[in-house]
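Below, each structure is written out as structure tokens.
In what follows, chain A forms one complex with chain B and a second complex with chain C.
Right after this comes the complex of A and B.
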């Protein structure tokens, strides 16, 4: 309990630091959003209008601390303001369009990759020197070392464009409307094969290799020998004794990956036209859309913090040594 | 969690993957479902002006990546079966988004296309290709009171999509609404700066009184789209309203589906042009990038597009020779090379001309622009957009300094006193070698390759230019503040060449170095040009206007305030597989690019096959 409280305190400080950086960094970029909006209008806005535009966007030229207080106040009320690049759509509306799909795709591909990777790691270590142990690490490292963007494009080109096995784009067929029906769910699954598959392909090797290397160490521990000597069933030794201990580093990694879903999935979403938030992340940066940028960055940082907190909780459950400390 | 549940979950996930893999063949009918768009993230959606800014950025952002190359060599695999309900729907690819956000407010800076050119309609459409005004919601205009008053006759019998009639009262309401700070609209600037009063004496007359005579204001005024007073009078804040279900006069007003990845716009049941539009509606599948949009184009899923497609002949035309077409009109504004005229030796017109003569425009146009445009002439005006304004004498007079001639260029620089140093680089008047950075926006690939070629060209005349790519905002910041030596950049468009030349030479448009100016980045000013430009806007007689414009052109040709490179093409592709009646090279009625206001004419006139 004391451990958890201490952790929570740390997370609160981290969250405050993130909030503050999130406020300061976009403002340190060159140019300002109003000028960049005006430049995109290419001479359609007369200089005389600039002041009125600034007012309409809620830009005050007030001192930085004043803006900071306003920002903190807004964040605590969950009010991220209006997007400048998609003016006058609310930032919360933009985020709600893609958040579900980003999370769905991210969680599904991460889970598949994590589970498959760890299981493969366990199996190949259990049968060290076997066929799978010879082939898989090399093959998957090979796949994982491709630039993701290139691999995804090739998959899209080959399986969707050339062979037509999978859809070229989107999260479900355009003629369907989201509904809780089998047809729709099926459509969603089909549309997820390529995007999720490409992510799994490049990332599964990493999980497997980490698992393998820790598992090798764990297998030589005395308690494994002891468990085998007790005559416990193989599967029990493999999962409850070896895997449970070997999975700890991967759990930490899992927490990190969970937090990075939003930012890490950018390329997947772009290549497969998946209606997620990655595109808006790029757009917000390109157009200096402070409000959208802040909201997205805040979500990323908070996601990382929350995921790590959950991992901490999991650790307490998985590793008794942490509880004692 | 227990090991059982972990195992169970793994099995479920694997099963789901397998299942989905097997089910793949069934529901995927890419048919008329989805298409794309192609301007880049930062693309301006300049809907209101007739000659919109060049869509150079479309070409730019997305480099021709492997997918394009792949697409170029691909045979079309998946057929596109059109489903029954898809008939009559034109699939669009003109804006790049990964997810759609609903915004049909014509007073917002970037509402979804076609808010201001299809949902809402302007008073008149200026057809750049023919340099003529096509009556739309207004049937005629007249200058009264020796040019200080503009009188517009408003069409009778026009209805909004809710069935209520549109009258001059709605036009009056719209123009008054533009006084709200922050509203966008073609007439917003004139309403806030130049208009004395507006009035609607009766249901078919709308009158604008100006403070001074300004003939240019006509184009801004008639391009304004009209909203319904009934629908808008209770809107609390017209700036932040997203107008989810527009009530408008346009051919397409009914938003019948709106999902994050796809939306659909259907025809107005009360449209004022009898029998039109002939098609049921427009469909907008979301495409996050050029690659994705181009794959759909190549697949035959797009009927009307505005995409930059590298090597379009092999990539797109050859895929379906009978139906796939493109027509890139050069009505956009010109892409220019700017040199800072506040710096020596670039204050000397001969030096600027010498730079121009060193540039191999034909090579740039072929290699960087895929021959989608052509070399500019010395007037700087794009050829198809301002045909009627261009003066042959001026083009002739300036022909020399836009033609590649390295020897002459070297001779001119020698004459200007710029001697070559030991390493072959010329020495500037301040005693330093002429080594400069040539600025360009990073990622705008065609501009970057243009700049690389120019840097190479400039070495031939002893100027050592190195290409420097800046991120868009940083680039704009540097260039608009005049803190650069050389940069590539766009120029102003507009119905008449006024906007272009005012942006290049007018004193009031220039600002001291260090202050941001929307145009005149090179900080060139000319008193004679000022007078002529003012005389131009004070004149309403087209014949006299042309005379003045010829003199303005002559100053530009003589002074070379900036170096014209090539006119910007309007991206426009169309497929005649399902629809007919598109304008094209064989039917050059008006520009077909969706971002041009004449796109409104296209959507009301195309027919299903």
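Right after this comes the complex of A and C.
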């Protein structure tokens, strides 16, 4: 419990830091950000949009602390203003659709790479010096060296453009509208193969290598010898004794990689025009849609914080030492 | 220096014994000479050296300006343009060679800055402990948790574009991982006898940190530096690909930006996409190999595994699961 409280405190500080950063950045810019923004838009801006920008930044005539409080108040009410690029859609509407796709893609690809990577790690450690143990570490390390988005580009080119096995872009076929039907789900799955696949290929090696190095240590422990001496079946020693203990460092890593994946995924979403938060973030930056951009940055941060907290809950459940301390 | 003596009797081969008998060198740099005997490290060093030479001798390898339009756009690789031309009719090979300068320059400079920053913050937290540690650790954890690329994009948006901006932004967002490692290591080293001895003999804090503790983390610093270089090169390429850098300067990232901009995929111009990506991947791979090798050389458990591996190979013992127990000859 103490551990959870400590972690929660940390996440609150992180959330506050992100909020404040969002508030301070436009103000730290030289000159008046709203005016410079308006001049950058070269007159293609409506008066109500100017008001929207001012509101999004919390630029009122009061002193700084008052602006800060107004800004916090607006954020807590989920009021991020109106998007400039897709005027007059509310920023919060864009976020709620984007968030779904980002979390779906992120969680699916992370889970696959986590499960596959750990199983591979257990397997190659169990057969130390075997064929898989000689080939896989080098191969997957090399795969892991590719930038996420580059591998995504190459896969898009090969499997979608040249071979036509998978669709080129978007999260589901354009003619469908979101519904809980088999055709729709099928379409979503087919559209997810390449983006998720590229993330898995790059990240699976890391899980495997960590698992391998922890497993090597765990396997030399006495309780493994004991389990073997008792004549327990190999599979049981492998999973219930060795893997169960060796997986802990990877679980800690899991929360952290959610952040990395959500970040790296931003580029993947770009490549596949996948309608997640990252895709919208880049779009917002390119169209200089500040209110959308700020809200998206906050949302991605919050998603990572919540995900980390869930992992913490899981960790407490798995490691009794944390529960006690 | 403590040399682990292997308690398995088969391990007493001439090879191992000669290692034990050899006079100890400067322990701090021992890892370096050991690394040079490791094929992983050699592969890594050779690949890195090739790319560094390519960057340094770019004017010799590809004497013409990489931004010059040399011929028809989107030409497939031919004898004249061995990597083909871009969507704007520029020579891909020349761009790749010249691009190494900015990409590697940004990568290594940022790597160095990140390492310095994380060393300063991590060691301060680890050495002074107390409230200093509390504040710095919280900051470290916050930076670890805030997703990097969105923050990078947001920062890059507000600051004036340019290579220096990218280097600074990458350093500010990338120090946390290293700081955590250095803090932990400083906390451990601080409890060691040699530090206590230095404290008792009245050494200044500055001397203790930089002459007693820091030299004992050399390999960790090097490994963290390489890790930061990988991070910087990747993040730099990502930002450039999105168009958040000065895209008129040639780098591997901006090559990918232009490839995307000229819809290289749809025109089938794969030769504009492969070279920069492969360059980034090779550099990252080489650097990862160096880190693995460094880890193997400095981690006693992994090191002894390697030694035992070679012994087992000598006796044609194929499979083996656990690491044999090692004992120190004398007390630790």
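The criterion applied here is as follows: the second predicted complex is superposed on the first by the 263 of 325 C-alpha atoms of A that agree within 3 Å, B and C clash if a C-alpha of one lies under 4 Å from a C-alpha of the other, contacts with A are read in each partner's own complex, and residues count from 1 in each chain.
Methods note: a residue touches a chain if its C-beta (ideal position, glycine included) is under 8 Å from a C-beta of that chain, and two chains touch if they have at least 3 such contacts.
Note that the coordinates shown come from a computational prediction; the quantities given were computed from them, not determined experimentally.
**Student:** Could you look at A:161 and tell me whether it touches chain B, chain C, both or neither (first, second, both, neither)?
**Tutor:** In the superposition, A:161 contacts both chain B and chain C.
**Student:** Classify the contacts of A:171 with the two partner chains as first (chain B alone), second (chain C alone), both, or neither.
**Tutor:** First partner only, chain B.
**Student:** With the two complexes superposed on chain A, say which partner A:150 touches: chain B (first), chain C (second), both, or neither.
**Tutor:** Touch partners of A:150: chain B and chain C.
**Student:** According to the stated criteria, A:270 is in contact with first (chain B), second (chain C), both, or neither; which is it?
**Tutor:** both
**Student:** Would you check which partner chain A:119 touches, where first means chain B only, second means chain C only, and both and neither mean what they say?
**Tutor:** A:119 sits against chain B, while chain C stays out of touch.
**Student:** Which partner reaches more residues of chain A, chain B or chain C?
**Tutor:** B
**Student:** Applying the document's definition of touch, where does A:93 land relative to chain B and chain C: first, second, both, or neither?
**Tutor:** A:93 contacts chain B only, not chain C.
**Student:** Does the superposition put A:223 against chain B (first), chain C (second), both, or neither?
**Tutor:** After superposition on chain A, A:223 lies in contact with neither partner.
**Student:** Just which bits of chain A does chain B share with chain C as contact spots?
**Tutor:** 29, 150, 153-154, 156-157, 161-162, 270, 278, 282, 286
**Student:** Please give the residue numbers of chain C that touch chain A in the complex, ascending.
**Tutor:** 138, 141-142, 144-151, 153-155, 157-158, 230, 234, 237-238, 241-244, 256, 260, 265-266, 268, 270, 273-274, 276-277, 280-282, 284-285, 288-289, 292, 301-302, 305, 309, 318-325
**Student:** Which residues, counting only chain B, touch chain A once they are in their complex?
**Tutor:** It comes out as residues 3, 6-7, 9-10, 13-14, 16-17, 19-21, 23-30, 33-34, 41-44, 46, 48-49, 53, 65-67, 70-71, 74, 77-78, 83, 85-86, 97-103, 105, 108-110, 181-182, 184, 188-189, 192-193, 239-242, 257, 259-262, 283, 285-289, 291-292, 295-296, 299, 472-474, 476-477, 480, 490, 492-493, 499, 503, 516, 518-519.
**Student:** State the interface residues of chain A toward chain B in the complex, per the touch definition above.
**Tutor:** Contacts found on chain A: 29-31, 35-49, 52-53, 55-57, 82, 85-89, 93-94, 97-98, 101, 108, 111-112, 115-116, 119, 150, 153-154, 156-157, 161-178, 183, 186-187, 189-190, 192-193, 196-197, 239-240, 244, 269-271, 273-280, 282-283, 286-288.
**Student:** Please name which positions on chain A make contact with chain C in the complex.
**Tutor:** Per the stated touch rule, the residues are 10-11, 13-14, 17-18, 21-22, 25-26, 28-29, 125-130, 141-142, 144-151, 153-154, 156-157, 161-162, 213, 216-217, 219-220, 224-225, 256, 259-260, 262-264, 266-267, 270, 278, 281-282, 285-286, 293-294, 296-297, 300-301, 304-305, 308.
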